[in-house]
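If you scroll down you'll find the structure; I have some questions about it.
Think of it as A, B and C in the order they're written, each chain with its own count starting at 1.
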Amino acid sequence: MEAKTLVLALFLLLLLSQSSAFPSRKPRVHKPCKRLVFYFHDVIYNGRNSKNATAAIVGAPAWGNRTILANQNHFGDLVVFDDPITLDNNLHSAPVGRAQGIYVYDKKEIFTAWLGFSFVFNSTEHKGSINFAGADPLMNKTRDVSVIGGTGDFFMARGIATLMTDAFEGEVYFRLRVDIRLYECW
Amino acid sequence: MEAKTLVLALFLLLLLSQSSAFPSRKPRVHKPCKRLVFYFHDVIYNGRNSKNATAAIVGAPAWGNRTILANQNHFGDLVVFDDPITLDNNLHSAPVGRAQGIYVYDKKEIFTAWLGFSFVFNSTEHKGSINFAGADPLMNKTRDVSVIGGTGDFFMARGIATLMTDAFEGEVYFRLRVDIRLYECW
Amino acid sequence: MEAKTLVLALFLLLLLSQSSAFPSRKPRVHKPCKRLVFYFHDVIYNGRNSKNATAAIVGAPAWGNRTILANQNHFGDLVVFDDPITLDNNLHSAPVGRAQGIYVYDKKEIFTAWLGFSFVFNSTEHKGSINFAGADPLMNKTRDVSVIGGTGDFFMARGIATLMTDAFEGEVYFRLRVDIRLYECW
């Protein structure tokens, strides 16, 4: 009977050792350790909106210029931005942070972009930054970029951000919904 | 004898706990969890190849322009690209994806570049993207950049990509072989 | 008494299993596995310092140019750099590597920047590269960017780099102190 107890105890211990007390490095079920949803608003300088513009074309192909987005789906236009981040889809809501960085339109046949940027927070809610990079095939309803790092409250974060174009007004304004799922939280 | 059995059982359990059932966070032998080899092809716009060009100079130093690569080893030229990815070294093979992003020539004395880009796949073979960043001292036979993230089939990937210039034709075409070794697979 | 021994043994084993032999994935105390401090020196081309310049404006907003940093806190200026890295704060010390990549000034109301760059080493001390990305609100005494990857000696590194402006001379020279703390070392 003692031996039976021993076997049972060891069996239970083994079971336990596979459970959450000993997390495996590659969880099969990918449950985010943190999830955040934001909106950000991009108003591109077009020669007439100097005051409201949050973004400007700073690079363009030889056939383009820095005031009007180039033809061929803006291929080659490089934009620098400092966009307000809001909790809802209203441009005039109180910003909770800034989305800062660059994007380039990078395909002649269709709208696609490549993004390198950060979310910068300095509020009571969040302090720190989340860094992103990735391709944005922006005609798709949703598309994923990588969370490549974070600082402050988001120290060492990694994950996926799902972008969705929430609004698009001509060539002067767009609003992205960003659904951030972190899978590495420290 | 019962005590001996207990000691033996615990010893075996301890051994087991050090083995693959409980992977250590820092493997001493760095074996990739995934390996992929691709080629991509960059045809730079030079004022006469508008139709075939897959890349264009969109930023240049004060002494340069956006049609001809600048002197001093192209220092300061910033290029946006949307290059076909192929499985072999033939430009005319069926593309399996697109390499999209930017590179900048960043040294006056010798050719070097800095890259931020993505491989974007949407085929039966691969769906998703791999994101890269890093320095490319392109006169070296091989050089390593970082895989900083991935999406879709490459969810949360990290690793190293070894670049090799496979062909170089004047200032209009180059082909890179990219040997991707992922060390974090989810 | 045998049962008591069993309980004690299992209790000890459980204790052991929580200790360093089985590292948890999310250490509560974040101790770097590697720490490095460097300085790098940026001399921006201004039309008169062609020989000494290590950086050049290659993108600018419509209202700017590539020789003089734009007004509105240089918003939209995109700079390519190849800056010497030194161990101390002396520009004329022997460089131990190069800081290469891009930065963009990205806010109209105050100086802030976004950085994508690499430290490239090829000495007896260090061989390999460290890749960085992040926001640099450069009026803050210190600010953190992400170490998003590494190669060679810094294979697969991740961590945080704390930037501090160590000197600033008009619009032609600045020196950053970079305190690199890696939290993932392979």
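As a working rule, contacts are C-beta pairs under 8 Å (C-beta built on N, C-alpha and C of every residue); 3 or more make two chains touch, one makes a residue touch a chain.
A quick map from chain label to UniProt name: A, B, C = Dirigent protein.
Please read these numbers as outputs of a predicted model, since none were measured by experiment.
*Asks:* How much rotation, in degrees rounded to the nearest 5, is required to superimpose subunit A (Dirigent protein) onto subunit C (Dirigent protein) on the basis of Cα coordinates?
*Replies:* 120
*Asks:* Same or different for subunit A (Dirigent protein) and subunit B (Dirigent protein), when you check if over half of the residue numbers at their contact belong to both copies?
*Replies:* Subunit A (Dirigent protein) vs subunit B (Dirigent protein): different; shared/all numbers falls short of half.
*Asks:* Distance between subunit A (Dirigent protein) and subunit B (Dirigent protein) based on Cα centroids, please, to the nearest Å.
*Replies:* Subunit A (Dirigent protein) and subunit B (Dirigent protein) have C-alpha centres separated by 21 Å.
*Asks:* Could you list the positions in subunit C (Dirigent protein) whose residues touch two or more of the other chains?
*Replies:* 2, 6, 13, 17, 22, 25, 58-59, 78, 116, 133, 148
*Asks:* How about subunit C (Dirigent protein): which of its residues touch subunit A (Dirigent protein) in the complex?
*Replies:* 2-3, 6, 10, 13-14, 17-18, 22, 24-27, 30, 58-62, 64, 75-78, 104-108, 112, 114, 116, 133-135, 137, 144-148, 158-160, 183-184
*Asks:* Which positions of subunit A (Dirigent protein) touch subunit C (Dirigent protein) when the two form their complex?
*Replies:* For this pair, the touching residues of subunit A (Dirigent protein) are 2, 5-6, 9, 13, 17, 21-23, 25, 45, 47, 56-59, 65-67, 78, 80-82, 98, 100-102, 116-118, 120, 128-129, 131, 133, 148-152, 155-156, 185-186.
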